[in-house]
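Heads up, the next two complexes both have subunit A, just with different partners, subunit B and then subunit C.
Moving on, here comes the complex of A and B:
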């Protein structure tokens, strides 16, 4: 008990050190004000009619553009010599598979949807949603490094850097943590002592690699998503679905006889079996689906709230709204920093809980 | 009333339900910790699990409204 409290206290002290220390949070907050607003301000112009007339600003298209995946990493817009705004973005590689052949080119070749790309006899173009079409009507498989994939690779690189250098520091010097390991060790211990051991039990070691990977991967991607012009990676349903499938597979492959017994031979009268067995089988899938929806909806909702508050300025077309909107953005951004850690914690905790339920041993049943 | 309007009301109702649910969980946890401060760690864990499950149910509703409205 004391151990657990100690670790929890450690975690909160550390997270407050990372997220809440007054000076740092002030810097982060001012960073948000000065960085978010010009980027969004210039962005919203691209949502407007490029003819220069006072057309209606549509917050939905602007917000969706930020929340959805894209073929290039859009940073900001710059006014050009012709009076129009030109998007400034990092081109990303596009990898397509069509008619048995791979095509590889950079997304800048599309010139933001204004140009077509000819590769042999295949002609590609972007539709209004940013999807790639083959103009001859053939089906195209898209393996591109999109904005989300690029963001994930950055996160993976960061994780490798942090943990490789952290692990290296344990070599030699009496196993004492040095440098970055001082930050990482309490977090790893937190996952072990507060997530894995209470929920999984003595067999926890096998599952530590997965739980630690899920925790840090989700957390760092949530944080990268909060950086202005960052990708909404953990708010992409395919990403959370993949993570949930890992939990589903690990849970069911480590299921004991008792676990499967509860599903196929529940302790109910025989006539209830036709109801109970389908319900239990739905339960197997429903738990990971809940994990998937929870992470996706929480992160996407956070992004949408921040962008909606900024959009208020352009909806009301008044500078007086700006201070109100910025204070709210600041407030929600600070909450989102907490949510980023909390959702990583909840995903890992529930994964550990489901694994623990699947590892149920028969002797536990004697107590019921 | 248009379909997006009805979907928005549905999302609002879902949030109302989740708010009541999470509020009750938080209130009970507060009382429990006040009674037994030494069990705070365990109560916190159980509280977060229960809150996450309530939130999951509400998010299902919100995603359904989002899909219907979109």
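Moving on, here comes the complex of A and C:
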């Protein structure tokens, strides 16, 4: 546990260094004071398996449980007749691919990790991290509708609902926005006029669908993540990596001759080429990696802060701390509301910027 | 803690597929209609502004035209007035000339007529005086000049002595 905490500390120090964000560093420090120190204190004398411990509240496990993906949508725990708490959650579909076959069942079949599921010669069970294993030793590909996927599908439905009804309201009113379009239009125009056009220029139209979809997809998912017991979809590295790969592909597929020229024939003496070309090629990958880490770290950090503040009540085992926690949670939640929009904006803005750089025309080069 | 940065295949696949489908659907049913409607409206607005600008410019040019016409008319009037004045002057001076000429011509004719009349009168008076003188002389000298030819020569000699003027 000490080891993992050390990793966590290093990771966040590293990420705040990478991002150069004062806000994030502040949040990390804040989180450390309130969250890590009591954990270190309690951890030193408990030393037992955190999942089995009822008496000792372990914020790290609780927080990680909330921040990571799950196979069911955990809502709350109810105390049972046997004196143990029983989790209450929404079961989600499990889709597994193993040995050339798909297996489909509901996550409730695992009974929160207490049961195994037999499908033919395949025996599925959950490991201590909530991953699905085949006890028979086959390799398993997990395409389940996890909590994150379910949350994303809700977001997709919301997006379709909002924007398709928004677009529909333009019909037959001579282009005057009515109803929800009054809200949608300024946001769409914000993406067009403040993100796409300044960074991409006259070719912006081709990239509008991606930029608009990315902006609203990230924003809505950020907001859904702020709902208590919501998923941490945009704070998941797989998600931010996927989105970053989209930007990487779009950027490089729209790269002009000038863009590739900068990478493979930079304007430096020939003997510098062995240094410059690898540096430029690292630059291709570094940009989307920065996008990936920024979104992931900002959203996850926000979730961790809020959960840590709530955990204080249980760490101190006192209701008196609750008002203090509540005030801080409220305060951070307000900041997170802002961050939800801000990170969607930053991701879209930087994507547009990278695309704009890739579209660079030769005449710009003459100036420098 | 490693869990935080461990990618999961299922989530990547679901995210990619959902995002791509969402992008395609929204492009067709949301972004395109919204952006087209906004573009169309922007175009209409800029057209309306342009039309208004043009109309204003036209009104401005119309008032300019009126101004120009007014000035033209004023010029024309002034020109006509000046012409009229000139014509009047010419007519008046011509009339004066004519009148003067006529007057002097009449005067000349009158003078000539007077001269002629006087000459005729003088001749007649002279003739009459001559006749009278002859008659008187005839009567006076009836006896003295029995010879007719002597008498007439004498009279003529006497007549030439008489200067009427």
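Definition applied: the second predicted complex is superposed on the first by the 314 of 368 C-alpha atoms of A that agree within 3 Å, B and C clash if a C-alpha of one lies under 4 Å from a C-alpha of the other, contacts with A are read in each partner's own complex, and residues count from 1 in each chain.
In this text, a contact is a pair of C-beta atoms (placed from the backbone, for glycine too) under 8 Å apart; a residue touches a chain by one contact, two chains touch by 3 or more.
None of the values given here were measured: they were computed from a predicted structure.
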Using the touch definition from the top, say if A:258 reaches subunit B (first), subunit C (second), both or neither. neither
First (subunit B), second (subunit C), both or neither: which does A:198 touch? first
Examine A:350 and indicate which partner it touches, taking first as subunit B and second as subunit C; both and neither are also allowed. first
In the superposed arrangement, does A:298 touch subunit B (first), subunit C (second), both or neither? first
Quick check for you: in the superposed arrangement, does A:210 touch first (subunit B), second (subunit C), both or neither? second
Give one of first, second, both or neither to describe whether A:290 is in contact with subunit B, with subunit C, with both, or with none. first
Of subunit B and subunit C, which one contacts the greater number of residues in subunit A? C
On subunit A, which stretch or stretches are contacted by subunit B in one complex as well as by subunit C in the other? 4-5, 8
For subunit A, which residues count as touching subunit C in their complex? 4-5, 7-8, 11, 64, 67-69, 95, 129, 141-146, 148-149, 152-153, 156, 159-160, 163-164, 166-168, 170-171, 174-176, 181, 184-185, 188-189, 192, 205, 208-210, 212-213, 217, 236-239, 241-243, 246, 300
Contacts from subunit B onto subunit A in the complex sit at residues 38, 40-42, 44-45, 48-49, 52-53, 55-56, 59-60, 62-63
Listed in rising order, subunit C residues that touch subunit A in their complex are 1-16, 18-19, 21-23, 25-27, 29-31, 33-35, 37-38, 40-41, 44
Hey, which residues of subunit A end up touching subunit B in the complex? 1, 4-5, 8, 194, 198, 290, 293-294, 296-298, 301, 342, 345-346, 349-350, 353
